[in-house]
Amino acid sequence: MRYPKRIGRLSVPGRKVQLATAAMLVATTVAACGGQDDGAKASAPKAPATIPELTKDPLTLSFIWFDWPPAHALEDFANAEYTKQRSNVTIKVNTVPNANWHDAMFTQFAAHKTDFDIPILDSQHIGEAVTNGNILDITDFVKQNIDVKAYNPYLLAAYGQYPQAETGKRDENASLYGLPLLGDTWTMIYRKDLIGDKPPQTWDEMISVAAKCQADNPGVSGLAFHQANGSDAAAVTYNTVNGVYGGNLWDSKTRKIDGVMNDAAGQEAMDVLVNKMKPLTAKGSGNWFIDEVNAAVAQGKACIAFNWIAASGGLLDPKQSTLGTTREQILDKLGFATLPSQKTNLVPLGGMGMHVSAYSPAANQAEALNFMKWFEQADIQKKWAAAGGVPARTDALESPEFLNAGPFNKVYADSVTRMRDMWNVPEYARLVDIENTNVNAALNGAKPPKDALDDIAKEQQGVLDSGNRKGGGGL
Amino acid sequence: MAVSVDEAVSTGPVRDRTPAARRFGGRGRSVLEIALLTVLAVVMLFPVLWMIETSIKENRDVYAIPAKFFDFTVTLDHFKDVFVASGGGRSTLSVAFLNSVVVAGVSTVLATVLGVPAAWAYSRFSVKAKKDQLFFILSTRFMPPVVVVIPIFLMYRQVGLIDTKLGLILIYAAFNVPFTIWMMKGFVDEVPAEYEDAAMLDGYTRLQAFWKFTLPLLVPGIAATAVFALIFSWNEFVFAIFLTSSDTVRTAPPAIAGLIGGTTVDWGLVAAASVVFALPVLVFAYLVRKHLIAGVTLGAVRR
Amino acid sequence: MSGPVPLTTDHPGQVASATPPAPGRSRRLSDRWLAVAFISPALLLLLAMSVFPLLWALYLSFTDYSATRGGSAHFVWFENYTAILTSAQVHLRALTTLIYVVGAVALQTVLGFAIAYLISRRTHGRGLLTTLFLVPMMLSQVVVGLFWKFMLDAQFGVINSMLGSLGLGQVEWLTRQQTALISLIVVDTWQWTPFIMLIALAGLTAVPKYLYEAASIDRASEWFRFRTITLPLVWPLLLIAVLFRAIEAFRLFDLVYILTSGGPGVSTETLSFHVYKVAFLGFNTGTASAYGILMVLIVIVLTQLYLRYLNKLKED
């Protein structure tokens, strides 16, 4: 006989209430201890102004970044160059999936134990890390060791300053928490063989050129850009169009988003994005991010595409491309240009800075500071440029080493003065999720564009204003 | 005995060649049924075949439109990439595979060592409130991992288990112990207690009787149970992605998930890694095919 | 159950503190000691890794604690719970989860049973067929999710490529509101239909032959035999299978994380996925704990009701 004989006959246990009460008391005690521990560190600890004596023992200096070519370039570059000066040091760049990047860093910060010494934070993450006391205040260190005049002040501010400098100017008195590691912005990638050598100059022109190209070339879509609801993909896309059409993300002084982001300019930007740009993209591109846009370009399926410069290197690799069998053949077809302008010429600021984990051992923190000082020297910045990185020092940006290293590097150099970033407030992760999901919904027809924009403004405002709310935070 | 696939599908005492088949149009209906089964089998297996095919295709064939089913160049490069880093040396994926072996292996051993004696005790002794205890044990397995991971995370950071293999091993063991107890209790129940009673009459203690007489009979059951625990730990993703982050600790599932979301997606590599990752599980599942039903229902359904 | 002595091990705390008696001659004492020694390590692990964290979460659920912001936890009592239960965002996720659970479990039950029925009617190759059908179930959700993402890609995915060859248009599987949820259901069904099939098959092949023989003597119609003999015997097993699947589907996370990450918009965000966002994006640990506790409660209560129904069914 093989029919079911033993189906568990189960019932709710009644006696566990006492046990539960007892254990809860224990839990309360432990949690309370944890709370005290947390309370001790309210703001970012300070790094020494001068680099402490470095160890002579073998030391591994660890970074954390997401998995993309610059991460591997950095590891190779640092191991080749930095070890010339510090032979006892090994550089390790831990990489995590992009979608997991913020979580991986901040769960470790929350644990007060990090397996990295130098977190590579996105520029917008700074507020959260500073407020929680996760990274060192390096203001004094920078004063003593870094030639701040060598930088475009905004770059220095974007990757290190908190509170933020969204005006585009650096506040000399504000504290610094990081130094630039990799500069980045969007580049427009266009098919020279399909739309001609001259890139469109205005956003409207870009849209009409893309529409014509799509009509003339069956199987090729007019546009390709980031639309995914993960990371900051769709949010950056909207912010870019918002900037170009003269909108603002918020009024930082009054902390107002509702009524600012969804003003007439914001609405126009959303309308352009959803009703003019989206129809020119490939079917099913509503979850595209960096890699899908690259794939579309490499497969010859897009007339005009937008992508981060630091992520564009793979486009020139003949092994991954159907556009040509050599780099030169590919470059005959692909052009790289700065973004078109419309009411303004703003472009999105990308890239990341280096920071020092507050939870690293002292020896590693000292080494990290030494690395940062080394990295920001003029000749090292040029070597970093030659190795495929994007430097931040003005002299390195203007150097032939950088400008000749890739066809998109000039685009970056020309874009530096045009950059705008998002808010870097501690609530960043929630703000960007609200924007991402709503823009993504609008792009994919799950929400009318106007509603999506109003929802973003309303919900983001709710997050900024939720400081004193009791319970239910984060929903 | 727990029901086995072989048994369930044996050609033994079956009720085929039923008169009904003949009455209802006999051969025609049989052909229809076979056709339907074939279609279903193809649909179910196609993704697996496609995965294997993608893993041996060159990248430009992977993206080909229309899809290439037969006419493509075979390459084993993706499998090489799974194990060897582009610059030579071990790839991070292969390190992740090794981590998976360690984590799944040790957690399984731990769950077995803790679970088997408990199962024996639950089976042999009339423990008070046994049903409540057993239900409680089972219910810990029903909790959504995303929910469990929050307090576990807080607990681990107090004791420094974040981003350690030991942390993963402990949580996997805790998830596998309920399963082991439930599954093994069924196996112990099938070994007559009289064996032990007889041994004790011969002067053995209860413990010796368990060790010398019952345990050897349980070995096949233990092996099957351990394999299921192994499969769970091997495939687990949620705890792995939230509790670990460094290459030296990360197990294979988050490492494979991390292959997408960079600047380019190498679907050939994803497919090859998936094949390499799935192969041990399929082999193990085949080995324990006799106990599959008990295995997938935490022992709730046996006969 | 040969242990003659009722043991007082209903209270794990007691288990831990029970002093083992000297290993005397007394078989009763020795049994008792053995039971405690054998059961308590397992229970201790569960207490430490399951019960304690859950109680901690319970405590945190009454506070506004944040894992990163630091500072001590302040009691907000039931504020988190009321906020969650009245949140339109949560209601939306609950609806999504409900549709997903019902859709996926219903679909895989029907399909799984159908396949099992068809297999049970074959004489040859049953072992091979069953083994082949079981492959999807053994794969990691990560592998399943990644691979279906690849196959469902609107541009170069093999599914749309095949639809194209049939002259049908491209379908946006993962980026439209309805199709995205349907895709999730389809992928889950692909993976877990074998589970239902396996269990249904066990029931089907266990139907004693003589029952059918008796029925065929009575010249009962095939439908009648299916309804009166096969189904009643398979039904309890099927219900157990459905329970397991429903619990698993309710806590779905991996597939959403990989396949759609909740999109488009939030239309495929399940409750589990929402908990993750609350817990790890804003680090609103208190709220997330309350959210999680509510999910656990739902599982426990629904499981109990279901099991009670099942036991009643068995007694009838």
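A few points about this structure:
Note that the chains are named A, B and C in the order they appear, and that numbering of residues resets to 1 at the start of each chain.
In this text, a residue touches a chain if its C-beta (ideal position, glycine included) is under 8 Å from a C-beta of that chain, and two chains touch if they have at least 3 such contacts.
Just so we're on the same page, UniProt names per chain: A = Carbohydrate ABC transporter substrate-binding protein, CUT1 family; B = Multiple sugar transport system permease protein; C = Carbohydrate ABC transporter membrane protein 1, CUT1 family.
Treat the numbers as computed from the prediction; the structure is a model and nothing was measured.
Most remote from subunit C, judged by the distance between CA-atom centroids, is A. Interface comparison, B-C against A-C: more C-beta pairs in contact at B-C.
Inter-chain spacing, taken between the CA centroids of subunit A and subunit C, is 36 Å. The distance from the centre of subunit B to the centre of subunit C, with each centre set as the mean of the Cα atoms, comes to 15 Å. The set of subunit C residues touching two or more other chains comprises 10, 51-52, 56, 60, 67, 155-156, 202, 205-207, 237, 240, 257, 280, 288, 300.
Within subunit A, residues 1-4, 7-12, 15, 30-31, 99, 103, 107, 110, 230, 299 each touch two or more of the remaining chains. Of all residues in subunit B, those touching 2 or more other chains are 3, 7-8, 63, 129, 132-133, 153-154, 242, 254, 257, 260, 300-301, 303, listed in ascending order. Per the touch definition, subunit A reaches subunit C in the complex via residues 1-4, 7-12, 15, 18-20, 22-24, 26-28, 30-32, 35-36, 38-39, 41-42, 99, 102-103, 106-107, 109-110, 128, 131-134, 228-230, 282-287, 296, 299, 301, 426-427, 429-430, 433, 437-438, 440-447, 452, 463, 470-475. Of all the residues in subunit A, the ones that touch subunit B in their complex are 1-16, 30-31, 34, 62, 64, 66-69, 76, 94-100, 103-104, 107-108, 110-113, 115-116, 230, 289-292, 294-295, 298-299, 311-314, 319-320, 322.
Taken together, the subunit C residues at the contact with subunit B in this complex read 1-10, 27, 30-32, 34-35, 37-39, 41-43, 45-46, 48-54, 56-57, 60, 67, 111, 114-115, 118-119, 121-124, 126-127, 129-143, 145-151, 155-156, 158, 161-162, 164-165, 190, 193-195, 198-199, 201-202, 205-207, 209, 212-213, 216, 222, 225, 237, 240-241, 244, 247, 250-251, 253-254, 257-258, 272-273, 275-276, 279-280, 285, 288-289, 291-293, 295-296, 299-300, 303. Residues of subunit B touching subunit C in their complex: 3, 5-11, 13-21, 23-24, 33-34, 36-37, 40-41, 44-45, 47-48, 50-51, 54, 62-67, 114-115, 117-118, 120-129, 132-133, 137, 139-140, 142-155, 170-171, 173-174, 177-178, 181, 193, 196-197, 200, 205-207, 231, 234-235, 237-238, 242, 253-254, 256-257, 259-260, 267, 270-271, 274, 277-278, 281-282, 285-286, 289, 292-293, 296-298, 300-301, 303. If you check the complex, the residues on subunit C that touch subunit A are 10-13, 47, 51-52, 55-56, 58-60, 64-73, 76-80, 82-84, 87, 89-90, 153-156, 160, 170, 172-177, 202-203, 205-208, 233, 236-237, 240, 257, 260-267, 277-278, 280-284, 286-288, 300, 304, 307, 310-311, 314.
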